[in-house]
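Next, two complexes with subunit A in common: one pairs it with subunit B, the other with subunit C.
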Partner chain A sequence: MNSTATLSSGNRTASSGDALDLVLRIGLLPILMAIVIVGTSLMSPYFLGWMNIVNILRMASFLAIIACGQALVIIAGGFDLSVGAVVALASVVTAKAMAAAASAIGGPDIVAIVIGIGAGLGSGLAVGLFNGICVSRLKVSGFVVTLGTMSATAGIGLLLTNGIPVYGMPKAFVQAIGRSQFLGFPLAIYIALAVILVMVFVQRRTLFGRYVYAIGGNLDAAVVSGVSIRPHLVGTYVVSGGLAALVGILLTALVGSGQASLGGDAMMLQSIAAAVIGGVSLRGGIGRVEIVAVAALFLTILGNALNLLHIDSRIQPIFLGLIMVLAVALDEFSRRRTSRV
Partner chain B sequence: MTSADITRTTTPNTAEPLLVLSGVTKRFPGVLALDGVDLDVKAGELHVLFGENGAGKSTLINVIAGTFPPTSGSFRFGGEEMSELTPHEARAIGISPVFQEFSLVPSLTVEENLFLGREKSAAGVLDAGGMRKRARELIGELGFDLYPKARVDSLDRAHQQMAEIAKALLGNVKLLILDEPTASLTERETGRLFELIAKLKTDGVGIIYVSHRMREIRALADRVTVLRDGRHIKTLDAATVTDGELVELMTGRKIDVLFPTIAHDPGETAIEVHDLSTADGLVKGVDFVARAGEITGIAGLVGCGKSELVRAIYGIAPIASGSVALRGKLLDRLDPRTSLRRGVAYFPANRGVEGLALSRPIRENVSMAALDLSRYQRGGVIRRAAERALIGPIMETLKLRPPNIERAVGDLSGGNRQKVMLGRAMARDLDIFLFDEPSVGIDVGAKVEVYEFIKRLVEQGAAVVVVSSELPEVLALSNRLYVMHHGRIAALLEGAAKTEQNVLSSFFEEESREKAA
Partner chain C sequence: MSDANLTATTRSADLDGKTRDRRAFDRSFGQQWLRKLALPIALVALLAGFALADDRILTSYNLLNIAQQTSYLALFAMAQMVVILTRGFDLSLGPTVSMVSVGAALAMAGMGGGEAGGLVVVTAALAAGLALAVACGLFNGVVVALLGVSPLVATLGSMNIAIGVATTISDGRPVQGVPSAFSQVFYTGSLLGLPIAIVIALVVGVALAFVLSRTVFGRSLYIIGTNPQAAAVAGIPVKRLLVYAYLLCSALAALGALMMTARTGSGEPNLGGTLSLQSIAAAVVGGTSLAGGRGGVATAVLGALFITILSNGMNLTRIDGYVQMIVLGAIVILGVVLDRLRLSAR
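Up next is the complex of A and B:
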């Protein structure tokens, strides 16, 4: 009798441990996401409407693309604060170049569109290259370098436009890239999926991805192992800058004009939040872009849900902040539970 | 040394030992780290904990130091039952641990670290003068060559170790825990530490001492407790137990000889260094030759430049002047990447800092230095199946336990981490191997495996250079032995001349020559 009593109490503690283990194993993210989706769909009839779902997926795509680049930089042990400003710069540069090319050439729209997109992507890659070179050559921390380029990039964007939206892009650009749909979903979603798939491949299957993990995991060990550090560090910032520019171009096509107010600090902070909630370690060396993409989707759903539930927009950042801290705390907790053998 | 400086209370009650653990169990998820361990330490006794890596020594001392509570069992200290002990409280009641992983803040000075958390102050204002005076006194007493105002990150490992020991002895110590304290100390500093230990014992301090070094156990221990697989195997009187007995109890099997007999067969010159000086000035005008088919040893005190010499050859430490030739070919540039391509491997002394990416799995750490080879990748795309198929067998031959190459390296013990390093060298074809302190921080069983690994390399015709502060190790392994002193080669010993006596005397000759000059 006595022994059965101890047995059952032993079982109970084991099962509560199992529940915790389960949370630690599948992570907080799917659980939170399920709670938000179920909760909001019960409270708001619009939430699961087709329009809203498409809207969520589109906004999540933008965030996921940027967060993929951000994650790569953070995994290598860096930080990219300039992504939001690059979105704005790429938007302005794309619109200006496309409008100028359209009026100068006057030929088929496709030429102007390609020139515009090339210029926009180029501006993002250039900022990324500058970031990467400063970090790897001058040995200034990524945080400081990108803080500087964030300010400078945003300044250039404003200088180019004086804060006035840039119009004059070919209609075909807006129709083909911004508004076109494929099987009922906007193009941006397919682009984001492609970016995520490519990044997953890069992380898992390429030398570049592996070396980024190694550099972030232990820089000195990577040096001793003969890994060339500079090109890989520069590469992470270039990828991040390029992806941010891509989002800038997609947003430009969506709104139909080049604007220095796109992206901005909010997008930068959200990209970092998505990376962290998606399990990227700020110490470097750990993180997977597919989970970061899910985190980006979660953040977008959360924002959408809070809007639909008419929660004061001033209160919304508080939720985001608390969830971020919770995610990082859980990550630390699970790290500490693992022991050496 | 005055006992007023290292203050402690007299033992109140001699009826019960200072520390009594009975049936202490510690369970981590999936691992039973301690399984009903008993241990008692008397005041004034030095009690050695002996066991392989992973035997539970670290867990046990962490429980005693209050880092985490035991899952079950009783823990009595000074006649009182301890429960919910925190590291802070443990220090306050006189339990003072010195861990292998230092508890020093790198960006603070030595004296700031000594007083960290127990600063002398009046009304919130630090008593800087008082603390400086006390720090000077303590360091003076200990006889350490340590400058109190130096920043900890500017110190080498040996001096950081001294700072750590000094920190543990500041205050009211009743039970001192030392985890391999001599791993990075020189002979002289070790001697000082032993004198200090003897003094502490006569003052009634109980000491728990973790070490793999038989000589230290012989010199210091009153009793030895052997742990294996988290269980208490036996507690023995140090005066009557033999070395063989201890090792057998520890490993559960017989190990006859620590150092293997190696057949050296010197061939062509593999490394030829001429008049090499490093940019940091730690190596000055060194000529050095290593040949294929033999082990070339480099002995010397901590800071003599022996590590820097091999680091310069590998291309990590920048050189100021001189030349390095590999297999008769003069090198125009030295960096790790080209060194690896030319077949040179380097095993850093500090595996955690320079060797391994702790957050990454074993597989990635092993293949890290070989991924440029076409058998691991094609056009920048990693061939994962091939990688797994190549790394798995390598770790199998190295007897990785448990044999799971997807585990994060951070979860591994010292011996297993060294195996990951060895595996990395096997992941590509190399024939020149530079070992910097190959047996630091690993247990006897793992040491034997490392030595066997080196033996295999040499007998397959590789050139091996072993840099070591452990004299018996370099003496036993090397065919030719360079002795370095203050950045220069003090002697090259071969054959019958290769004795401990000659190594030590070449230090002193060099010392007197320097003084004369």
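Up next is the complex of A and C:
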């Protein structure tokens, strides 16, 4: 059936056999998500409560922002293991700078807040720049470089604070960014939406986005086509570092103090999981940010549902691991089917 | 006239090219030796530097201590190196260690602790530990080789699963009841005056070196890592050997886990902690290439030795633990940069 369809159409586009592949590739995530949502809402009355929905969306926003940057790096053929550590570093740097500025200047809070946010973002961008330069200049694998910066960045964050939370930020910062709401939703959700929209635009409509696909898809072809590789590779890591720092700042505002324990390995692994479940190919060149954001939402919903269903938190990683392998295996399976036909 | 000019210039250019090649060859030949010896030299320099800062470093007690500490990390680095040779890596190594530690301790506790004979207890621990490790290795190997999933995702998945299993079967608490017979075999015992951990690491290292360099299986791993397509075309059963490689990796990790369990005297659900990344770091710093096909027992052991000496020295000279994290990160990056230089010299 499959083979006759392809034979008659001559190539594999729009043949009926691809309907299954289409479901396999695009439909898996929505189907899983629907199952989880319907199943959990039947079993737990709290799941569809307003508070819980807002909570899910807020947590998903943090993960989605980081996963967007991670996805961009992976699409270019790299990896960013340092995002979790950057979240921690940015949180600490933001809180320290803001507290110092607030006590030194003593003027309006807005000045201290801007200084703090600038310092936090700057620290993330700096780590990203370092990663990017190491990867592109020295042509070293992104996995190992960011493995190194992960350790170093986490060490710097801990060194700055000695592991003690940093207080002393202006109240206005916590109220305006961490706890303020607009139309019933916390600010973080709007920021995440804005980030996703900008990233979609970047991926689809800018040279940078297209070049990132080209570099990840076929490096040699990109070189021959005259794409300058280095600045674009550096760019992906800088974006990833900057977005991780943004999450660090948002989390700091939410928690009300700068903590070197924010982010961490768990967040880094989840961002990779979201990217991979969201269809980003680890071989590079394939992946769309909006689907990655949906995958981040799915992972957050899944974790929330497992909690509400009183499933032991120790068993929860098993679900995450199985779903991740399953998603990628299905993806690979469908790709092999299409390429074999 | 112009013709003659032209030939003259081309000939001289040719000559220049030849001498340049010749010089480049001489230089690269020397550099290759330098690069091969770079890490051992760095090791000696590191030891000497620390010895100047603190005279406890070069005592025989501390050197034996370093050797013993190295043997654990060396085992894990060797395990990791086997799969890195095939262009893979195993992020589940650390959680596998935790899982094996807890599983073996539970099996021994289930046997009634020290009441059963020593041999029975040790066999039970070995069986339980190896069974868990084989399950994990088989999962990794099948998912990577047969389903074609990238090693990163496959082992990231099994990493989560192993963490879940380790904390679930232990209830998240250390498992007590490890009998002394077990500790005797895997920690406190000694052979020819050497602590048993060093003996085990040496035996494993020699055996693995033999397997990698003198058996068809070992050589095939290098070919798979260097060029998977060529390996398949040459008739090497790539998929089967990949599964074996992941099995071997998990089995070695299980052995290390049993040794660490004997050292702590209890099954620890987070014994593995950062071992996945540490073992990758050790292998890479030693010169195992993540691009596959290059490395060996020596690179894994040297890397493990380097990292152990570094952290031992930093501990004795009282360098802040947070600073140590930064140094370790810098070392990892430096390691790949050196690897890159070695590669470009070829």
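Some observations on this one:
Keep this in mind: the second predicted complex is superposed on the first by the 314 of 341 C-alpha atoms of A that agree within 3 Å, B and C clash if a C-alpha of one lies under 4 Å from a C-alpha of the other, contacts with A are read in each partner's own complex, and residues count from 1 in each chain.
The rule we apply is simple: a contact is a pair of C-beta atoms (placed from the backbone, for glycine too) under 8 Å apart; a residue touches a chain by one contact, two chains touch by 3 or more.
What you see is a predicted model, and the numbers here were worked out from it, not measured in a lab.
Bringing the complexes onto one copy of subunit A puts subunit B in a clash with subunit C.
Once the two complexes are laid over each other on the shared chain, residue contacts for A:228 go to subunit B alone; subunit C is not touched. Subunit A has more of its residues touched by C than by the other of subunit B and subunit C.
In the superposition on chain A, A:184 contacts neither subunit B nor subunit C. Of the two partner chains, neither subunit B nor subunit C is touched by A:106. Once chain A of one complex is fitted onto chain A of the other, the partner contacts of A:312 are limited to subunit C, with no touch recorded for subunit B.
When the two complexes are overlaid on their common chain A, residue A:151 makes contact with subunit C while staying clear of subunit B. Superposing the two complexes on chain A places one of the subunit C stretches 79-87, 169-177, 187-195 or 223-231 into subunit B: stretch 223-231.
On subunit A, the patch touched by subunit B and the patch touched by subunit C overlap at residues 283.
Those residues of subunit A that touch subunit B in the complex are listed here as 17, 21, 204-208, 210-211, 213-214, 216-218, 220-228, 281, 283-286, 337-341. For subunit B in complex with subunit A, the touching residues are 28-31, 33, 54, 58, 314, 316, 335-341, 346, 348, 353-360, 364-365, 368-369, 371-372, 377, 380-382, 384, 402, 408, 411-413, 416, 424. Against subunit A, in their complex, subunit C makes its touches with residues 143, 147-150, 152-154, 156-161, 163-165, 167-168, 171-172, 277, 280-281, 284, 290-291, 320, 322-326, 328-333, 335-337, 339-340. Note for the complex: subunit A touches subunit C at residues 79, 134, 138-141, 143-145, 147-156, 158-159, 162, 269, 272-273, 276, 282-283, 312, 314-318, 320-322, 324-325, 328-329, 332-333, 336.
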